[in-house]
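One structure is given below, represented as structure tokens, and several questions about it will come after.
Letters are used for the chains, namely A, B, C and D, taken in the order the chains are written, and counting of residues starts over at 1 for each.
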Amino acid sequence: MKQVRIGLIGSGYIGRAHAVAYAQAPVVFALQGRLVKAALAEASPELAARRARELGFLRAAADWRELVADPDIDVVDICSPNFLHHEMALAAIRHGKHVYAEKPLALNAADAREMAEAARRAGVKTLVGFNYMKNPAASLAKEIIAGGEIGEVIHFYGAHNEDYLADPRTPADWHCFKRTAGLGALGDLAAHIVNMAHYLVGEIAGVCGDMQTVIPQRPARSGSDELVRVENEDQAHAMVRFANGARGVLETSRVACGRKMGLTYVVTGSKGALSFTQERMAELKLYRQDDPANRQGFRTLLLGPQHPDYAAFCAGAGHGIGFNDQKTVEVRDLIDGIAAELPLWPDFAEGWKVSRVLDAIVLSHQASRWVAVDEIG
Amino acid sequence: MKQVRIGLIGSGYIGRAHAVAYAQAPVVFALQGRLVKAALAEASPELAARRARELGFLRAAADWRELVADPDIDVVDICSPNFLHHEMALAAIRHGKHVYAEKPLALNAADAREMAEAARRAGVKTLVGFNYMKNPAASLAKEIIAGGEIGEVIHFYGAHNEDYLADPRTPADWHCFKRTAGLGALGDLAAHIVNMAHYLVGEIAGVCGDMQTVIPQRPARSGSDELVRVENEDQAHAMVRFANGARGVLETSRVACGRKMGLTYVVTGSKGALSFTQERMAELKLYRQDDPANRQGFRTLLLGPQHPDYAAFCAGAGHGIGFNDQKTVEVRDLIDGIAAELPLWPDFAEGWKVSRVLDAIVLSHQASRWVAVDEIG
Amino acid sequence: MKQVRIGLIGSGYIGRAHAVAYAQAPVVFALQGRLVKAALAEASPELAARRARELGFLRAAADWRELVADPDIDVVDICSPNFLHHEMALAAIRHGKHVYAEKPLALNAADAREMAEAARRAGVKTLVGFNYMKNPAASLAKEIIAGGEIGEVIHFYGAHNEDYLADPRTPADWHCFKRTAGLGALGDLAAHIVNMAHYLVGEIAGVCGDMQTVIPQRPARSGSDELVRVENEDQAHAMVRFANGARGVLETSRVACGRKMGLTYVVTGSKGALSFTQERMAELKLYRQDDPANRQGFRTLLLGPQHPDYAAFCAGAGHGIGFNDQKTVEVRDLIDGIAAELPLWPDFAEGWKVSRVLDAIVLSHQASRWVAVDEIG
Amino acid sequence: MKQVRIGLIGSGYIGRAHAVAYAQAPVVFALQGRLVKAALAEASPELAARRARELGFLRAAADWRELVADPDIDVVDICSPNFLHHEMALAAIRHGKHVYAEKPLALNAADAREMAEAARRAGVKTLVGFNYMKNPAASLAKEIIAGGEIGEVIHFYGAHNEDYLADPRTPADWHCFKRTAGLGALGDLAAHIVNMAHYLVGEIAGVCGDMQTVIPQRPARSGSDELVRVENEDQAHAMVRFANGARGVLETSRVACGRKMGLTYVVTGSKGALSFTQERMAELKLYRQDDPANRQGFRTLLLGPQHPDYAAFCAGAGHGIGFNDQKTVEVRDLIDGIAAELPLWPDFAEGWKVSRVLDAIVLSHQASRWVAVDEIG
């Protein structure tokens, strides 16, 4: 069996989730390749050594540059802060590595495009960590839409709202600055819902958006009186037009009190509708217009082994899946895609397309007009 | 006790709801005036006679022109199709009547303005039937916001989606034509959510909208092969900016499969949030950021006698209120407002302001740009 | 059209609800008789006069004895405290009146039986105010069960929990004493769920119950230091066996923090299930085993005009019905039953059957064994 | 760091879940011992070899007898069918192994007691796989109750309903026979809710129960015309009395259409209440009587890093945990308990206590009377 040797860069919030998925995937799924947790790079060799031990990687790399050049690595997995994705991915591609990178793919569409084109030219495989579309509930939604069960999609409402910066006393961290994060809520959160819109409905052709920094200054450090300027948006929304004629609305916020994991979508079709919220990630609501008039209603589908990918986690319906299980599906796709040479999606091209939509929203806001996504390079 | 003599024009869907409210209000509330169901006008004297008998009115008018001129009528209640509101209201005002009219107030903002100004000059009282803001849940939301419990409002999401025209086999009726209905979903449904936004957040200063006729042709009659053109929008949405700086999104549709009474709002404040859907009209969800971090969560407030207006209907909390109960609160406001000379709201001025927002959305769609509500006369 | 002249005894909490229903019913429904709010009796002639005026009754009776003897009354409507139902109903029956009485019908099954037999012998019509089974949602549940859509009923879970006495500082009122209330939560609340079980599943043959006074002493008056003994149960539950073989569980409490209107049922059948809670009184959840395996789920049916009785209140689906609307359906049944000589249900015989089940639960608790409902007289 | 070498017997439904937890635990938690997946036994050496490879165990045992005797094993993990637990556990204990066994611990209380006493005498540690009480939501419920936030517990409603045998065409499998499964729904499902009642409220002193085999015969094999007798109960319920005075109701069913993972509890206290259903495993509803009267309501606590154990899985609140994550917490307890000599719970003594309650329900049903749990040996 072909081995797939992973080199992980970064072991914070999301890097740990990758490590959990690497541990779980070979037990849960009958992978088509042999997953090897080969090496881990961190901000310092010491930290790398500690985390490699904790997370079960075979060795620590001195730094990320060593890792991307390591001939015994097949896939470079980039879980570093956003602003480093571009440089690291290009380096990895230069060394002929497949690249698995977290979202947002880059700080802007131009960088993302460069990365997607480099990967295409190099013939390496890529995958972006839009894990919410790996939720079996999303696959089920896709299956329902693709099968025509709700007819032609006429409207998409999508939101990704959270409240991690709702408290004005929360200090400014890397999310708040253009240099480190690029966009604010759009890049951190809306990237997911744009990808979901692409997955479920199709490509977005035009946008018209608005955005706002609600809390323009924050403490420099926890408890500090010193205030620093927040450089990117706390909340944004946009009207969108899909290439296939469907219309929609997108919303995002990082200051939306009470929304903890508010990735939500409502897909309205000519014959039915779907409704989902990630806070109840194991259920999907389906309405079918062809039910008898006095028996119509949204039905709550609890995920079970009769739905995509679920059975690998549990043989019992309704028993529940969690955040890391989505990453585990993603890792399954990665390993199988590389070992068995299957197509991978969402790839860097999709990461670029998502970035274009986000950049188009920003331009639309600045220019106070509709923007065709094609206007963004 | 001063009597308030009602003359009702129209006894269809919404006219009947008014009649139920007139029957209920004097028993439920200790009204400050004596409500008299004086006269009823309909499309024909025969129909008027029958409906007056059925709905408990003292006499039938020959037609609406006789009714508005009747010296024994204090209030003209207009429940006719939209396109007649303007003419009827102006006639009633000329005769010095107070006017209670259904929404949308008129086919467009210009007409609505004329009505509002006529009423102001004549010194008569007016009320528009935006009954959803009379729901005790809305009054409770207002109380919570006004008391600062969720801080400063930073975002408003509002929708009014239904599916009464979702089936393409449903024939075109008066809702579908400009001459009879004016706007489509915007006028019929979004009028409510715009009024709610005004009530809960404040005036809307600017909008940027999009709209679409999803099903451009419909059968002329039930089962007919003849198709006629639908002249107004099936779905629309808009980004809005409030005068006080809050931002928001509005959505409306009459083809949204599965949404039966989808008036929904989420008000996000700097210290909390509110969430409501009319399909569960007797509950309001409240999130408070100042709850302890490990005990935070949206709490479901079931309406009860400790909330505004509810106790009049039932002494038991959570026992439930219904659609007609909202109209009964509205009628209470009407009778008390006239008998005790209290201010009435939403009055024709508000009806005009709602129309301006709707017309601004249409203009914005046509011109593909943001429109200041002030641009509309 | 035959007139049906009502004499109402009592105008407190539930008497007012009757008055609202009397006001609403003739407007909402095309009644088969002419409803006349003829007379009202109260604890004093003065109170009766005031309430008659407020609630729209033609005259006040000196006392209930005068009212039940009044030849110009067709129906005596008993909304007095529980302990008076027996004497009043027997007197009304002696005068040949039809009787509409609130639940619980009597303080015990023996009294209820006497009332039911007296009514049968006198040939008068009777109706007991179990209004929750008049909810269109309950009628819809009945329709679904009767049509075999969920197969044969195998299990019934029913609860009626509230929290009106959850606070130990709430003083003892008439609910707490045997002389005035008879049973506690069983009589006040569980009577409803027993009636619902009869309606939806069938007669209960045997019970095994447990009950408890959770707060054995309460202040004699609000704020008082004097404590008095609570004489009846705060909470109770029972296992039941239906005559048709189905099994079930009943629960009731008046000290169940957070349950405001916790009448809840889950009916499990061999091919599906229904789930309902009165706190969301306008929706019923239906699960059908014959949906495709990957599309199964409880569907939320929002009440609408395609369901029983709803259209009378509103032509729009999902627009909502309230507590008093149930009473209005009940009054429709009353008037039509008397005017058109249709059968009425739940009648006094059903009131007696409910009392037998409750008394059987008490006996079962005292004797620590299963009790056949037939053991109760 | 002390190593903890696991020998797993059985790799079906639940054995696989253990394997996932073994893979995940060392990455998710900072375990206090080094977990070694040492050996795996199955029905045949060939199957054992295959599964060891798939699930990442170092070696395959020839059979379970070899595994329990293996000096290089510290913990025997029993995931075999119920009827084998007793013999295997006693053998493992004889060899001085710690034992981690799935529920129900044994086919009856007598066997469970023998196992618990053998373990106590041998001084080995034991753990029973009641994984639902390892859900952070259950730990949060325990924290809330123990902290007095809902006052004194006065009532517990607990259910574990599923529908895996709801279809009468589903063939009889090992669950249906006394020899292989012992009890039916009581052993397979209610064991969990009894354990949860013990955890959240305290020991159960007395029970009175009812049970029924709803579908008495089933096909011998899928599609077969041959019918065989089902020997144990499809549904059961019981009234319970806790040693501390609280009362309660338990329900269980394996034929409850629509309930996929219907482990549900409602804990009512003198000052508040908790409500939970495993189908929404990452949320707990809390009602507090001391909230202001007009702001009371069940609040939905979404699990997050501020709650017990959650942070190990994800740093983001509301991001969700799944079925296997509960097992991972269980494995964390196992490894830490053994490596750091911490107490383990639920241990075999608890497994025995649960079995006693279940056997008491059966006896109560047979004898038609209340049974003190102490009557069961």
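In this section, contacts are C-beta pairs under 8 Å (C-beta built on N, C-alpha and C of every residue); 3 or more make two chains touch, one makes a residue touch a chain.
Since we're looking at a predicted model, the values are computed, not measured.
Shared contact partners of subunit C and subunit D, listed by label: A, B.
Among the other chains, C has the CA centre that is most remote from the centre of subunit A.
Subunit B and subunit C carry the same sequence, and matching their CA atoms takes a turn of 180 degrees, rounded to a multiple of 5. Taking A-D and B-D together, the chain pair joined by more C-beta contacts is A-D. Chain centres here are Cα averages; for subunit A and subunit D they lie 35 Å apart.
Once the centre of each chain is set as its mean CA position, subunit A and subunit B turn out to be 41 Å apart. With each centre defined as the average position of its C-alpha atoms, the distance from subunit B to subunit D rounds to 54 Å.
Within subunit C, contacts with two or more other chains are made by residues 296-298, 302, 304. Remark: subunit C residues 13, 16-17, 19-20, 23-24, 26-28, 30, 54-56, 162, 164, 260-262, 278-283, 302, 304, 313-325 touch subunit B in the complex.
Residues of subunit A that touch subunit C in their complex: 140, 285-286, 291, 293-302, 304, 306-307. Subunit B meets subunit A in the complex at residues 150, 154-155, 157, 163, 166-168, 208-210, 212, 214, 235, 237-239, 241, 247, 249, 251, 253, 255-259, 268-273, 275, 287, 289, 296-298, 368-370.
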